[in-house]
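Please find the structures below.
Both complexes below contain chain A, partnered by chain B and then by chain C.
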Partner chain A sequence: MWTDFLILMKQEMAVVAMVFILLFMKLGKDRSNESYMNVINVLLLLNLILGFVCNREGILFNEMFRTNKLIVLEKNILNLAMLIISLQSWSWLKTHKHVPEFYILLLSSLLGMFFMISSGNLLMFYLGLEMSTIPVAAAVNFDLAKRRSSEGAMKLIFSSAFSSACLLFGISMLYGTTGTLVFTELPQHISNNPLQLFAFILIIAGFAFKISVAPFHLWTADVYEGAPVSVTSFLSVISKGAVLFVFVSVLYTVFSPLAKVWYNMIFILSLLTIAIGNLFAIRQENFKRFLAFSSIAQVGFILVGVSGGTDISTTSVIYFVLIYVFSNLAAFGVVSVVTSATGKENISDYKGLYKTNPALSWVLAIAMFSLAGVPPTAGFFGKFFLLIAGAGKGNYILISIAALNIIISLYYYLRVVKAIFMDANSTPLPSVRIPLMSKLAFAVCIAGVISIGVASPVYDYIYSLIVLN
Partner chain B sequence: MNLTLLIVVPFLTAIAILFCKGLKQVRSVSFAGAVAQLVLVGFLLTAYWQQHASGSTQFLFESIVTWFKPLNINYHVGVDGISVAMIILTALVVLAGTLVSWTTEQLSKEFFFLLMLLSTGAYGFFISLDLFTMFFFLEVAVVPKFLLIGIWGSGKKEYSAMKLALMLMAGSALVFVGLAGIYFHTHTFDVVQIAGMQIPLSVQKMFFPFAFIGFGIFTALFPFHTWVPDGHSSAPTAASMFLAGISMKLGGYGCLRVATYLMPDAAHAYSWIIILLATIAIIYGAFATMMQTDLKYINAYSSVSHCGFVLLGIGMLTRTSINGAVLQMVSHGLMTALFFAAIGMIYSRTHTRQVAQLGGLLKVTPFISTVFIIAGFCSLGLPGFSGFVAEMTVFMGSWQNPDGWYRFATILACASIVVTAVYILRATGRSIMGPLNASHAKLTDATWNEKLAAGILIAGIVIMGLAPFLLTKLITPSTDIIMNKVLTIMTIQK
Partner chain C sequence: MNYQQYLLPVLLLPLACFLLLGLFGKKYLKNASGVIGTASMLVVTVISVLVAGNYFFADGKIDGVYQHIIAYKYSWLAFSPTMSIDMGAIVDPISMMMIVVVSFISLMVHIFSLGYMKGEERFATYYAYLSLFTFSMLGLVLSSNIFQIYIFWELVGASSFLLIGFYYNKPSAVAASKKAFIVTRFADFGFLIGILVLSFYGGTLDFNTLIQRLTAPQSGEYIAITTASFLGISMLTWGLSLVFIGGAGKSAMFPLHIWLPDAMEGPTPVSALIHAATMVVAGVYLVARLFPVFAIDVSALQVVTWVGAISAFIAAIIACTQTDIKRVLAYSTMSQIGYMMFALGVSRYGGESGLGYTASLFHLFTHAFFKSLLFLGAGVIIHFVHSNDLKDMGGLRKLMPVTHIAFLVACLAIAGVPPFAGFFSKEEILTASFHSNKVIYGIALFTAGLTAFYMFRLYFSIFWRKEPGVHSTHHADGTTSMKIPLIILMICSIGAGFVPFTKMVTSDGVALETHMDILFSLVPITIVMLAIFFAARMYKKENGSADKMAATFGNFYKAATKKFYVDEIYLFVTRKVIFNLIGRPAAWIDRNIIDAFVNGVATATGSISVFIKGWQSGKVQTYALCFFSGIAGLAILFIYLWK
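== the complex of A and B ==
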């Protein structure tokens, strides 16, 4: 029993252990920021390695907690993203007063996501979701002196409280009509009756808030802009990734009886999200806001894939999230390095960057190409497969509009590339020294962006795990 | 012969360039890479010739490696006569392009890196027999063009670069929808397998326009040709050569291999639209060229007109006309690359491309002027050069189509030759002949690298012009296979 428990919950255990180690270190004598960060980076790396051994299926706590190889992989993707973010935060945290607190907040949030991904019961899911949101809201306000930070944190708290309320309302109605909250039992009790449909819509709205699907996206840009870059990247990659994983599995298993209903919803939501994300991204000047809207558009493309409803769709979504981790974190990494060195955040500040910072420029350019879906970067493969998965239902209107939206998105990504390489600027940003840790993070991201796409075994592996279940 | 080498060699050259220091190292590595490509292509040609004589399979040197198994995507390569012709064209233009960029001082490492990446995309596209692989390489070639024009270009380069990238991306997006449509009725991306299947007519009619217009944008299909003049004229010389010489041929090849070959019923049904658009492109391109005063714009608009012949040949759907379309692709590739090379040489010396500011260049730079004149003669279809052979074949083939309206289109297209002669002779006369502009009295003639670059392209043009049978022998068996498929359908429908 105990070994079972340890093996099945090893990743959760590891994160809890990290939180406690940090607390003990904090309680002990004063330590330098570097020592905290080194310890945590090594632990994160160990946690990542741990995720690849001793994986098996199992159910704990009366189906509250379930795990299998696919779920472990999803957690691993989040672990990897956490490690990259931690490496990239180096230059920002080096002089910060509250390093252990920062990590404790983010790791608690990560723990919540792990429970959410592993949940086999709507209550457990709700618990995990809340646990993942509240620490992040605190982390958004981590630059205590910045007023925009507080504004962002406040907006995040309000909107997530609202979305939780929606979700909880939906869950309670679902419980009232079915008498169960267990994922495996729910599908037998769900049908087209109006109360259940209403509950379903509320639950979808709750999800939509978390992954910032239009029209529930309004909090995104302000929070992204206000939060410190590391927290923004956490929000945009890890939070979104985790909720997307759960979203797909809930939609495909629990709500499979309502497939026709959600198909139409996803169809409309995806087109709306892509269009709004794209059109707003064109006009943004602040780099973080720009990435916020670009990430909204990316979620729209993910929804196109989700609408397919096959194993291929699930595979493509997980694969795309993995690629998105690498490409988005590469972009955020550059913003993080530049912001902490110069304090500048606008796209126009990046004009002529190539003259002074060639390495950063290439990283940013490759990240932009990957986000835009230009080969040979991985983003091309990710988007291609998402659209192919979405076309599985033969809805060519959906993929035609999505494909045309790729052109719009190419425009604003190329705008950044144009600023870096082509625009003349008499006072470009000064040459920025990239810390070793950030260099490592960039190397991982770029290696991922370039290799994940061309290397098909990754896709095949994810597919094999999905077919297994 | 392993076709993957054709992708590996330019790609490794590109990687090697990243590790070079200084212009001298960079250009010698690129030159070595370009020569290696040409040698490789020479081997490919001889091997193809020998094997083709012994057997009669459609594609040679095929190899299939499973790529994404769950989606049934394979890395499938193989060549037939058409692709071999295109590959030869690519190798020649790459070598010439490398040579004319010999003195690129600004960011030389990045420049040659992108050129090699562009050629990797082109080779990959021409050898692909899997639609996914093909699409992948088609898009690989888009971003290098954007950077090449935007960084090293002249004039309103940012605007042109963005316009080109977005329009080509739009083309790719349309192609993607076409491919997705094919995929969901055949569940494969494999060209050979799809060719063996019968896609229902309604599906073909729905997705043929996507694929054809998508590829058409790459090859300046009217009214989607607007990227051509801006893109070509803003690009640096080598990039213009690659763009017009290789990149526009990706579109023509795609129209033929993907749209027409895989969806022949729809190609037949829609042929009148293709011909209408192609004829407009030919006439409109020719008249638009008359109005231009900038040498690069002259050549860019004339490219619109010349590429119209490719689409006209494809639209007419007779054996000879398809042959003519392929010949025109090769001919136009060589000729326009030569033209841009000559314009680049003039521009780098005189710093102007305005016809009015030039004049009498033959007196000071006889070699460059001769190259310019040869390119011009080839463009207006003088016998002895490749342009005559190609255009003549297209006209002959088009006339074979018995439909009255189609013949009317053919006559109109033929008439455009006169306009071509007018603008070529006028541009040549004013910039090469006539009184010498005093400020140009001390110009130096071509250097060895420029002479070599021009020599390679001229050799191609002259060989093709004097001995067209070499090329037709290569491509005819392959175009016949495509036409057999189309003609069976046409007879069934009758």
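== the complex of A and C ==
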């Protein structure tokens, strides 16, 4: 029935509608940048509300598209992140010449992710993934006057091409050996033979590239540094979140026959990722590069949770991504406001920020505490549950090393806090006016960081949805 | 049942008040903060009284037995299906009795402070702290599980730290707040271990389940905790004794009492709230809360009994020799709490033998009224005289008539003169101890005499002794807001004894039939009257008989003035023994081993990070190489090596 179709694909439909509205607005008379942004922000908010009503399970197009309450929640988390990023881009986009194009690119990418999350078939998954990557690569180039921005876009396109090729190669090998690409049918045909194992490794590499797991992470820092701050936050939060959601479900369902192999693989990759993320983050001077490596380390911790392989692991990953949305976007928001006002991007420029910008300093400090996992911020609970999920397998070496690395990560997060509050600086950044929209975004982020950890219903709710499936 | 939903505002209102006053009070609300705090406290008190009244007189009972009801339950941290930390509110006779006492006394203190703290620079902060304290204390008494009580227990400690150190520019106040915090924190460590022991063997943190499991002789948990032993003492005794250490710390039991007299550095209304009626009885409440478990373990009860009795006795002796009005009251508090403790100790579970339990909580109830009255009265006196020392007082009865009458009533109540409140509760304690342990009864009787003596020593020294030098028409009773609580509390101190307590609060929830035995009461009343007579002889007029008396006791008197050198013993142990034997070596290990290790890790991390920085070259072809080597590495590892 066509009504089914509308209900099951409501979020995708909404995003498509947004893209069309933007196109029509662009075709009409000249409009101010503010009007585009207001329309999109309101529509994103409506889409967020839409995500809470009329949720049903269902399958469409011969298992190409599937949805259930959990998937709707995952999409809603991404939608929320998109809204926050859109609010935070206000001061940057206000004077930009191509606002509708910027939104059309990011929304198309978001649409691709929605399809990817809902995919029930590896081919559909691949299409969604590509659809989400290519527009972002164009968006990375959006600081049109800067060469670094173009360089980042170029690198992203090239590297994505490798990874997509590998992923596609893996998928085709899998198809060749099993004769199907449907998620529900694949597990019966997968076994431990070398060809399928190799196909699996190629597919894992494709995933690992997207969520920047070492050693497939090298593009991350350059792209993050070159891209406009809003695109960087999109890449680090939304892209990663979306791929992580799919990664967990593919790993746990499609590749369940290979559980032993992937457990060991995740074990190695997570340790490597945490170590490399931490070691590089210590040295970074550029704030965006610093956040790039810190996000690599965070993904390493998420992999620790993924290694558990139970419902609790899935819960802890989704829960952590939600927390990560709030804490990372709070940090990026501050960088965005500061960069668009002063053009400065180095950590040393932030010295003595507290004297001139106390509000921004507090937001940044809370975000850093949450990323570092200091109680009572949500980040602590997120990491705590990830480690608990990882400990379910009884591999205490992994947990101990991860816990040790959390302590190491404290060093570089607190370095930022120290720079803001304690380091003397004769010429601190000037006092920055925070636009109303960014203030709203900060309020949402900080409320999330403070409340989500303490309020257990959020975690319980996610868990109940997972058990439901 | 649904009236219990109002318990949530009882908790949340003081918290909201704390946040409001703490965040905005100093800047925007200033003097209005006192009114806001008092108004919210009034609402809390009214709700508490209604909820408690409803519980006691309407639907708390099923078949004549008061029920333990969990009004709220909210699973906060679930570790496993069987082990979780919940947040809840328990409704049973003692928690209901306590919320009435806590909110009522807190309200009185709120009103009193309107006048007493007027003009204080940090007026709003003071009310914010009061709200925080009330919130924590109400949370403590309503806690439905042992971990929740621990959280609120620590909150109470923290907020009392803030209140004792309220005059933070006075070094002695800062020192006192630190001392109180450290000593109680030290005791709380015992409490925490006790919690871990009990919950480990009980397999739960919830009070009701824990009590159920540990008191059923057939249950696996009971067998496990009684058969396991450490140093020849069963784990049950260990667990309970450790929990009791926590209680003893908060309740200032010997030898953890040293913080209480110093804590009198805080504002006097605070002493009335914290150090008379609420926080210091938390220990008694804790033992009462776990009483069914205590009751099956006689050795733990012995500990409670003797610690209580010794504290009651020693504190009474010290109180006779102190000259600072608030310190006398502090020691008298300690002595009265000792009373409550040993009353719990001599009690057993259920029926007639449970009289001690009822008596103890009854005494807690009446004591809250007359002791806060004494402290508030002392507050008025100090406000007027500007000194804590008895030397500077005397002949005040005409200058402050209201305070004089109120103080006299409170002294009669605490001394146990019929028909004032203290008489009834003390009588029950004496009866309970007489039936179970004659030695304890003897100590109790002697302490009762001492109590009457030092209270009237205080009374006569303040209000009589000298004739008033100045006959001023000016009333020294303070503002109306200071008089009202005195009068209300005075009425309570007279009337609280007539509350049918034995019908309401008993160890097993069944009403207890008691009857007054005139012949039994004759002995204590005679002793008390004699003590009052002696006090009047010695202190009503200045005639030197007090000094003569002191001279007769000689060294004993001197030792008592110096509080039996307990503080000095603590100082010796910490400075000489702990610092030298543990502190110094620990510092050495910290500097030379731990720091060296940490620095080593930092240096190593730094050099590795410099070394691998080269991989991040910025060239896409390098990245692609790395990417493919990653795949090749994984393939080799998982297809050939690690099958």
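Quick note on the criterion: the second predicted complex is superposed on the first by the 469 of 469 C-alpha atoms of A that agree within 3 Å, B and C clash if a C-alpha of one lies under 4 Å from a C-alpha of the other, contacts with A are read in each partner's own complex, and residues count from 1 in each chain.
Rule of thumb we're sticking to: a residue touches a chain if its C-beta (ideal position, glycine included) is under 8 Å from a C-beta of that chain, and two chains touch if they have at least 3 such contacts.
All figures in this text were calculated on a predicted structure; none of them were measured in a lab.
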If chain A is used to align the two complexes, do chain B and chain C fit next to each other or clash? clash
Looking at A:Lys155, would you say it contacts chain B, chain C, both, or neither? Reply first, second, both or neither. second
Can A:Val363 be said to touch chain B (first), chain C (second), both, or neither? neither
Which of chain B and chain C A:Ala391 touches, first, second, both or neither: first
Chain B versus chain C as contact partner of A:Ala81, first or second or both or neither: neither
First, second, both or neither for A:Val338, with chain B first and chain C second: neither
Could you look at A:Ser456 and tell me whether it touches chain B, chain C, both or neither (first, second, both, neither)? both
For chain C, which of the listed stretches 38-46, 74-82 or 632-640 runs into chain B? 74-82
Touching chain B and also chain C: which chain A residues? 411, 456, 460
Of chain A, residues touching chain C in the complex: 154-155, 158-159, 162-163, 166, 192, 194, 197-198, 201-202, 204-205, 208-209, 215-216, 218-219, 221-222, 261, 264-265, 268, 276, 278-280, 282-283, 408, 411, 456, 460
Would you tell me which residues of chain B are touching chain A in their complex? 66-71, 132, 135-137, 139-140, 142-143, 146-147, 150-151, 157-158, 161-162, 165-166, 169-170, 173-174, 176-177, 180-181, 183-184, 206
Chain A residues touching chain B in their complex are 311-312, 315, 369, 374-376, 380, 384-385, 387-388, 391-392, 394, 396, 399-400, 403-404, 406-407, 410-411, 414, 417-418, 421-423, 456, 459-460, 463
Tell me, which parts of chain C touch chain A in their complex? 75-78, 601-602, 605-606, 608-610, 612-613, 615-616, 618, 620, 622-624, 626-631, 633-635, 637-639, 642-643
